[in-house]
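In order of appearance the chains are A, B and C, and numbering begins at 1 in each one.
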Amino acid sequence: MTMNRRDFLRVAVSGGALSVAGAPPAEAAREAKPMPPDAVGMLYDSTLCIGCKACVSACREANGLGPVNEANPGWNDGTWDTPLDLSAKTFNVIKAYRHGTMAKKDRKENGFAFVKRHCLHCVDPSCVSACPVSAMQKDPKTGIVSYDPDACIGCRYCVYSCPFNIPRFDYSAAYGKIGKCEFCRHLQVDGKTPACCDVCPTGASLFGRVDDLRAEAKRRLALKPGDVTTFPRGNLSGSRAFGKEGGEQAAKMQSPHDAPAGTYLNGLYGEKELGGTQVHYLSGVPFEKLGLPTDVPDRGYASVSEGIQHTLYKGMIAPVVLLGGLAALAFRATRDSDGEDKK
Amino acid sequence: MADGDFSLDVIERAPGGVSRREFLKFCTGVAATLGLSASAGIKMAQAAISAARPPVIWLSGQECTGCSETLLRSTHPTLEYLILDAISLDYHETLSAPAGHQAEAAKNASIAANEGKFVLVIEGAIPIKDNGIYCKIAGKTMLDHVKETAEKAAAVIAIGSCASWGGVPSTPPNPTGATGAPEVLKDKTVVTIPGCPPNPYNFLATVLQFITFGTLPELDKKGRPKFAYGRLVHENCERRAHFDAGRFALEFGDEGHRQGWCLYKLGCKGPETYANCPTQLFGDAGSASWPVGTGHPCIGCTEKGIVFEKPIHALAELKTVTPPTAYPRVTEPKGEGLSAGAAALTGAAIGALAGGAAVVAAKLGSDEDAEG
Amino acid sequence: MTTHKPVGGRLLTGPFAILLVLVAVMAVILVQRFALGLGAVTNMNDGYPFGIWVVIDMVIGTGFGCGGFALALLVYILNKGEYHPLMRPALLAGLFGYTLGGMSIVVDLGRYLNVYNLFLPWQMQPNSVMFEVALCVMAYIIVLFIEFLPTLLEKTESEGLRNLLKKSMFFFIALGVLLPTMHQSSLGTLLVILGHQVSPLWQTQALPALYLLSAILMGYAVVVFEGILAATTFRRPFEGEILGKLSGVIFWMLLVYLVIRFGDLVMRGALGGLMTDPVNGIMFVIENLLYVVPVLILVIPANRRSPRMLFLAALSLLAAGSVYRIDSYLVGYHPGNGWTYYPSVTEILVTVGIFSLEVVLYLIFVKKLPVLHSRTQA
């Protein structure tokens, strides 16, 4: 069997077409994204949380969301504001881990623990990578992951892709939109603290710069359980979200309180998980019991997905080259078939 | 004695200056405090006016007389009615007419005469360091007074936080070894009515129950009557709805404070303090006449280890939060699963496709056979 | 010159009427959807934001529509002119598969009025796999239409336009191969970002390759399936020789697919996932049995000439591709957090309606336009 130049080219191009789309090398991930320079975040300390849900109602008020009445079999017939989970109209929610007799707080066996769920503002967010129309965006300075309903086409790929199951779509509306925590960015513009942290009575939800929060978390982890220590409340880094200016005065206003340190079972959640998040968790029960995925890689899935796309497309050069080859072959083929037709 | 035996005459004889109507009102009110029926109130009225008024010996140790003061300010009944008609207050340092040796002699006489019948009330802490030399009355230490008197008493009631566990005098470094009555009288049942000051009606209700029925109310582990100390301040607090809704006063005088929001964030100890303040109120001045009602956080004055020890601004540790079952679980079942209709429809669709395919396949087979 | 002819015949037959009823039912449900929202007619939720409207109508529907793409690869790129007679019906099926898939996406979009943002350069987000799929699919629908245009124009007298089309057709054919290559593989890449939420039985970096291969396989299977079905329903002679040869191509590609699929699973040590979740395990076995059946059929050369065996092999392959797509998008997807999903009755009826509409349009076109090849009939 002989192979002329044409045949060779044909096979080469079609082979190329397949290999372009074919298995990319295993290390196709693009580089992980770094923490934004002025990243703001939250530290949620489950051992401090008393389950008062002040954050839930404050969030509703700050974001103009109405009450949600869901029937909770056994104790509520749907008359109270009782969201079972996040939704397009519930940006944060307090949930409880329950086990056995639920006799003691922050205990895995026969205990219970609270967890506050909302957007973790990933360093390398899947939703931002997934959104086809840039409706989800990560602020390059503060790292706040924001949503723009005017751009959103409602494809819900962000809902599908989020590893924390955070963005929610409003299926009950004829023309619904996505709802998620945006760190009260409309309040931060005025130098205010996000509503949930501002109102939290125990400082379980603490707002601040990510590096400050991580230092505070490390401090708590180093304490002996039960030792009385001072817990800041509200905004750790001062009322200005975007810097430390006026921090001291603001810190005075947000009176700290003294309480015994909790028993922190695990390290700090949000440092490494999926490339790191700007919301961090401390708890007395394992994080997976609080619904936080722990068996996850140290890099965001977006870096893998984008890595594959970039490897395949190489900045659209590969498809254009391929198109040229394909066009050449198709040109010859159509000319041939014309000839055949004429016969 | 049956309820019917109670005659109007008895009532006419009753109270010095108190009308019959007011008197009955007081008794049924006290019964209600105890959670008893109105008929029990009438029994109390009878007991209170019976000729042999139960003698009461009131000892005072390290105290500020605040507990006596609070009793003085109760209006139903008034103090004079209580001590002149309801009980026979045979010894009280502040209220007794006699003083010095006379008073001491009267006390000893009463104890001797009423051995096993009188009620002992202790107000104030008892210093036990250095054999109790830091508090002496009539040349004898308070410690000895308490021990000797309690031995002969029918019942012992410790009024106020100092008598209950040591109170203010016992705060560290506690140089006098101030101690509560239950600690000193370990082998006796001591009813404690803690509070700084305690609610007089909790005391009166306990005393009148004893006078009437000869029994003491049900007590908790710390010797406190359960009818008064069975529930947290937080549980019946009039501001509780604000706690549940997350509306907190953040500082004194701010918008939330003026709106009457929850004082938890200002250090209110209601969530860890057992007392009936929100329901019983203070000072007979009408609604909201209790600390939280007036806008001050509860300081936990009935709880050892909280009042005088925890800073007033420090946050309470929630004794009972809303039960964990009242929160959504971390994983709540959500979404619609397989419905019967959807299952049927899926089956029908797959069946139709498979059926159609089978028909075609069969037809193709027969064609093949025909050709073959 | 031309060897394509309309089939002709009565349009309104019994089965056709049933299909029309199903389309009408869909229309009613869609009115409800636009008036009351997605939640009113679907069971989609925040755990399963992609329901069957995406997975079956779009992901599987365009898989079925890959006949034109797969054949173009053979006919024009590999210059196997002998498959040319199959081209027109395949293009037609592709046109409907893609157009209706695209339509169902518009129905599924929560904020459909904002779709124009996809074309605003400052809103485009090229890192998004969804963006690439959306633009490629839209472009491909246009390309398919242009590729099909000669069929429509045959009846007209616009000689100039026909010539222009003929001269430029090579470019559209090239595009018609490139675009599906891109977005069919991207339908696989779309799942990579879901990470641990997709079971390791399906979550792999080989997803783009597997999706592309399975799309081409589905495309060929559709061509075979359709050829046989057209032959029986319209009582036309069976294109046995061409379909037999095509099945040889299918056989080898299928082997390549299975080698990649299982090689990847073994290399990642992911087969243990079979045991952890029984539903996943069962669906995985069904999916791959459906892939193995055509291998077993086509390995015997005699079967490649038997219409019945070819039909069964094609059918099995189409089912395999469909189950693979459902598995990776829905069955193997575990959002956790207590979510469950099964399509509602109205949701299923819309999907049924979409496919009914596809068949209705196909029947109209085939009966009224010169789509089917009539060489042997002439």
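The definition used in the following text is that a contact is a pair of C-beta atoms (placed from the backbone, for glycine too) under 8 Å apart; a residue touches a chain by one contact, two chains touch by 3 or more.
The shown structure was predicted, so the numbers you read here are calculated from the model rather than taken from an experiment.
Peer 1: With chain centres set to the mean of the C-alpha atoms, which chain is at the far end from subunit B?
Peer 2: That would be chain C.
Peer 1: Can you check which chain pair, B-C or A-C, has more C-beta pairs in contact?
Peer 2: The comparison resolves to A-C.
Peer 1: Using Cα averages as centroids, what's the distance between subunit A and subunit B in whole Å?
Peer 2: Whole-Å distance between the two chain centres: 47.
Peer 1: Roughly how far is subunit B from subunit C, centre to centre by C-alpha average, rounded to an integer in Å?
Peer 2: That pair's centroid distance is 74 Å.
Peer 1: Using Cα averages as centroids, what's the distance between subunit A and subunit C in whole Å?
Peer 2: Inter-chain centre distance comes to 33 Å.
Peer 1: Residues of subunit B that contact two or more other chains, please.
Peer 2: 331-332, 334
Peer 1: On subunit C, where are the residues touching two or more other chains?
Peer 2: 45-47, 336-339
Peer 1: Quick check on subunit A: which residues sit in contact with 2+ other chains?
Peer 2: Counting only residues that touch two or more other chains, subunit A contributes 85, 291.
Peer 1: Okay, in this complex, where on subunit B does subunit A touch?
Peer 2: Subunit B reaches subunit A through residues 243-248, 264-265, 311, 313-315, 317-318, 321-332, 334.
Peer 1: Across the complex, what residues on subunit C touch subunit A?
Peer 2: 1, 34-40, 42, 44-47, 49-50, 72-73, 75-79, 81, 84, 105, 108-115, 117-118, 120, 122-125, 127-132, 134, 166, 169-171, 173-175, 177-178, 181-182, 184-186, 189-190, 192-197, 205-206, 208-209, 212-213, 260, 264, 335-339
Peer 1: Looking at the complex, which residues from subunit A come into contact with subunit B?
Peer 2: Counting only subunit A, the residues touching subunit B are 50-58, 72, 74-76, 82-85, 93-98, 102, 105, 112, 114-115, 199, 201-202, 255, 257-259, 289-291.
Peer 1: In their complex, what parts of subunit A are in touch with subunit C?
Peer 2: Touch list, subunit A to subunit C: 10, 13-14, 17-18, 20-24, 26, 28, 85-87, 126, 129-135, 149-157, 159-161, 163, 165, 167-177, 274, 291, 293, 295-297, 301-302, 304-306, 308-309, 312, 319, 322-323, 326-327, 329-334, 336-338, 340-341.
Peer 1: Spell out the residues on subunit C that touch subunit B in their complex, using ranges where they run on.
Peer 2: These residues of subunit C touch subunit B: 43, 45-48, 228-229, 232, 306-308, 311-312, 315, 336-345, 347-349, 352.
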